[in-house]
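The structure follows.
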Amino acid sequence: MTDERTLDLLEAKIEELRQLNAMDGMDLSKEIARLEEKLAVLRQDLYSNLTDWERVRIARHPKRPYALDYIASVFSDFYELRGDRIVGDDRALLAGLARLEGRPVALLAQQKGRTTEENKERFFGMTRPQGYRKAKRVMELAERFGLPLVSLIDTSGAYPGVESEELNIGGAIAENLQTMAGLRVPTVAVVIGEGGSGGALAIGLADRVLMLENAIYSVITPEGAAAILWKDKERAREAATALQMTAPHLLELGLIDGVVPEPLGGAHKNPAITSAALKEAVVHHVNELAAFPLDQLLAARYARYRNVGRYSARPVTDS
Amino acid sequence: MTDERTLDLLEAKIEELRQLNAMDGMDLSKEIARLEEKLAVLRQDLYSNLTDWERVRIARHPKRPYALDYIASVFSDFYELRGDRIVGDDRALLAGLARLEGRPVALLAQQKGRTTEENKERFFGMTRPQGYRKAKRVMELAERFGLPLVSLIDTSGAYPGVESEELNIGGAIAENLQTMAGLRVPTVAVVIGEGGSGGALAIGLADRVLMLENAIYSVITPEGAAAILWKDKERAREAATALQMTAPHLLELGLIDGVVPEPLGGAHKNPAITSAALKEAVVHHVNELAAFPLDQLLAARYARYRNVGRYSARPVTDS
Amino acid sequence: MSLFKERQYLRVHVDREPDDSLWMKCKSCGELVFKRRVRENSNVCPSCGEYFFQTSQERLESILDPGSYEPFGERLAANDPLSFTDSRAYQERVAEAQAKTGLDDAILIGRGAIEGIPVVIGVMDFRFIGGSMGSVVGEQICRAIEASIADRRGFVLISSSGGARIQEGMFSLLQMAKTVTVRRRLAEAGLPFVSVMTYPTTGGVEASIASLGDIIIAEKGAMIGFAGRRVIEQTIAEELPAHFQTESFALERGQIDRVVRREDLRSELAVALGFFVGAR
Amino acid sequence: MSLFKERQYLRVHVDREPDDSLWMKCKSCGELVFKRRVRENSNVCPSCGEYFFQTSQERLESILDPGSYEPFGERLAANDPLSFTDSRAYQERVAEAQAKTGLDDAILIGRGAIEGIPVVIGVMDFRFIGGSMGSVVGEQICRAIEASIADRRGFVLISSSGGARIQEGMFSLLQMAKTVTVRRRLAEAGLPFVSVMTYPTTGGVEASIASLGDIIIAEKGAMIGFAGRRVIEQTIAEELPAHFQTESFALERGQIDRVVRREDLRSELAVALGFFVGAR
């Protein structure tokens, strides 16, 4: 199958032809139109049946929009709240208030860095205990004022460092889960890129869990699984498939509530369209949840998480 | 007036005479009895009209019993709970569960060190943010299980260090106050030695506030006040008087609920008797509070703290 | 339009010392600047951005909508519960501070509006015995919070305080407990409390009400901390980090939500409070 | 007296490998020690104090009152929701673990008593696929908690787990959410949860149910942490402190309440639970 780079080259050629066409008197419009059709077909071929590994690569694509790229268009008036009131402020997990079509909401958003400088500040998008405790503080703020809580998840995982362990990162994640389990406001979580294990779930125990079409959500990175289970880091591609970490798989497994469509080739091909789709989905679910009586909302959340998992009764045998 | 050291010398002499009396055939019992009477009179003179500054010195006496000296006799089964679940464990503020005449209670206790080694570990009895956050955790544990909370206060103040500020010690104290203000269990605080400002109040916002007879409780140390207000550290004695920081003064001002008697000369003269008096007082107040319906308890606590303070209406003048 | 409605019982000396000159020289950049211009610019030098000291009255003026300020009816003044005298009598200190500032005590409270959003606001004043919190400040904060609840308005407290008022002894310390006790009720009523920390917010004020904002904003140039620098330096016998207890230190350490320039405080408060308008 | 009542459906292989010898040699001190003596001593060497590995069955035996253990009626076994195969099929791994341990999955749960105090107890078993928490472990923890609430007994969980069970993918990760969701109900019912962390308590178990004990006790020799040492070393490219993620590290860092020797765990639990007997 044609790969992405070849298509990009073809697209560039078409653009060159278009300029030539404009400059000179000669009429290439028919030929250009035909080439464009061809390009569209090739693109459709390439992208519409993405393998799991291709989705992993799109989810991690360096040009993929990050949380802040969406926040400005999905929400208005993002008003950042910083700090855990204890140790520090984590720049890999942003928190604050914002408006969603005018409705005040509380927002949690994991943010990766694009430049080296930014990645240093944001610890490559990996959340530290300071970030989880800030998130908990803002969850409680949301509860106090009855504001729906929206989480945008995008992290390869919680930051694995000495300081993280010193500051009880496991305890911080556990407390966030406990807080979200009973939070008396509607909660919506969207995995916009990577949903990395407990580091993602810590802000993801929500009434509705959505994923962008090419986002992934997994108990472990494909590389981690390959190293542990296959004893071979190179087999990440196989692991990615086996773990069923893509949005379509997780929807089929009944573990998420919806998939937000991305343009062909991924969100980075057209951030504006992705953003619009994301907004539509978030607005829809927040509105739907806000219409529920609170006790029903909490009962539904309880039932959802109480019942997740697949097991069988083990028959009594004398083997 | 005779000072404490002279009395100690006299007491030692009497003891020597007593030994002589036992050893030899000669009968000194009458002379000894007379000396003992004299000693008792002198002691009474010395101790029954302690100046404020003398009480400050007794409150800080290096032989004064500290929290752990009382815990073993006032409570049974002290079961220590450590750590704030975030940063660390403060050895200057102990927390845990214990039994008070069989009744399970939660216990907070500020503990000074006696040796250099111990003082290093306990930061000279000055509580750090880790200690306040541990206290908050145990307050919430008490609330969850309906256990009365008893605080033993003994600190010259919260620990003033760089790390304390880095860890938001002011915020930690504020949160403890907020937690205690609404804690849905009976709360009793006893100042057993030094009640040093916000560092003491952070575990002292209680339904009943008691003080040992020679304990002090103040907005600032006498030395601190002397330095700030008199611009002369040497005038701490005056400051101690002006600040009305002793138990009798604070009882008279209506700011505490009771004074637990100490033996003549201070708790260190007879820790067992002091301990028995402390136990009696704590048992009495816990039992009394536990008999109240919770909403009345909370209403009374609210009224108490809402109304503390003395001010006047300022007449409208045209001056 | 004057911020302060003419009420006999609130005499506000916005200019601390009567001064007929229309111009002042900025100590930082040396420029001669038009005084009214400085006032209108939240006491920030229009030429170089240097912050001049702002009194509580000036703060109210720079934050509230013109004409919206309504002080509470009853004026309170410090009692002297300990008959306290150090190098001077406490009562003298109070009288002098009252004369110097035109205030009853170290706080102004009242109702007002910020960009149309009704609030109850308290502004502490460092000129009044270091902005210290004694019985009057504690009581006024409680009354302000109770008014917030009664009117269902948000509460804004602008702190500028060295801490507790030593001269009132334990009465002063217990104002920490008092203000926090009442603050809980505001939370239970679902109303927001925005705490603004300025230079300085320390000691017993920092360790009680000021640290309990739903949102905590520090003004650029603020000093934020519990213990004083001198005390800490004596304890640890070391020099302190350069930006210790500055607003950027507090931000890095996760103690506050935001740092704002004084010129932006008004719009900042309007945005923050706006999220809670009509909150449950 | 046997701890385990004779029930056909619970076959417990307390001795992992059948071994007729009555004596074993301690790897630490080299002494020949009487095996039954070791068993009775919570698998601690009676000669030198070295801890030998303790299975979940042995743990139950060393903690519960003799004859008090009653496993729950329904046995559950892992499903294979992802039809997962790495170097081997998940189903094979499970079958092998079942055969090796005599367990259905990585946890034993049931009712019992500790020094007369009724409890519901769960004991994880590291031998079963690293004690990992998949759907069965998650479900069993929830059932245990629900039984605690129904019977108004305290809940004790003894963790020994590397974390989530990778082979169940997201089903496994979500067991963190599941167990925590049910744990909240226990708190609401006013019943205590004592979490005991042993070697190892890491990953998704540490970052969920195990860290939410009202009281958290670590066994001497425990390993406690979220991320694995290897992962951290790769991230920071530094060597880790010597006692990193040990029980003493966790104690110093304020993450746990107490460290106890295995021999004392039983009496420790009795004391802890005793405070809550008859709690509201």
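Going in written order, the chains are labelled A, B, C and D, and every chain counts its residues from 1.
Here, a contact is a pair of C-beta atoms (placed from the backbone, for glycine too) under 8 Å apart; a residue touches a chain by one contact, two chains touch by 3 or more.
Just so we're clear, the structure is a prediction, and the values are computed from it rather than from any experiment.
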Task = Compute the centre of every chain as the mean of its C-alpha atoms, then state which one is farthest from the centre of chain A.
result = B
Ask   = Quick one: chain C and chain D, Cα centre-to-centre, how many Å?
value = 54
Remark   = Chain-centre distance (mean CA atoms) for chain A and chain D, in whole Å, is 34
Whole-Å separation of chain centres (CA-atom averages), chain A against chain C = 43
Ask   = Do you know which chain D residues sit against two or more other chains?
value = 211, 253-255
Of all residues in chain A, the ones touching two or more other chains = 85-87, 167-168, 171
Query = Hey, how would you classify the chain contact layout here, line, ring, star, complete or other?
reply = other
Note = Per the touch rule, the chain B residues reaching chain A in their complex are 85-87, 129, 133, 167-168, 171-172
Remark   = The residues of chain C that touch chain A in their complex are 187, 190, 192, 211, 214-215, 251-258, 271-272, 274-276, 279-280
Message = Give the list of chain A residues in touch with chain C in this complex.
response = 77, 79-89, 97, 99, 104, 130, 134, 141, 144-147
Note = Per the touch rule, the chain D residues reaching chain A in their complex are 8-9, 74-79, 81-82, 84-87, 104, 134-136, 138-139, 142, 164, 166-178, 180-184, 202-204, 206-212, 225-228, 231-232, 235-236, 238, 240-241, 244-245, 253-255
Partner chain C, residues of chain B touching it in the complex = 158-162, 164-171, 173-175, 177-178, 181-182, 197-198, 201-202, 205, 217-220, 224-225, 228-231, 239, 242-245, 250, 253, 255, 301-302, 305-314, 316, 318
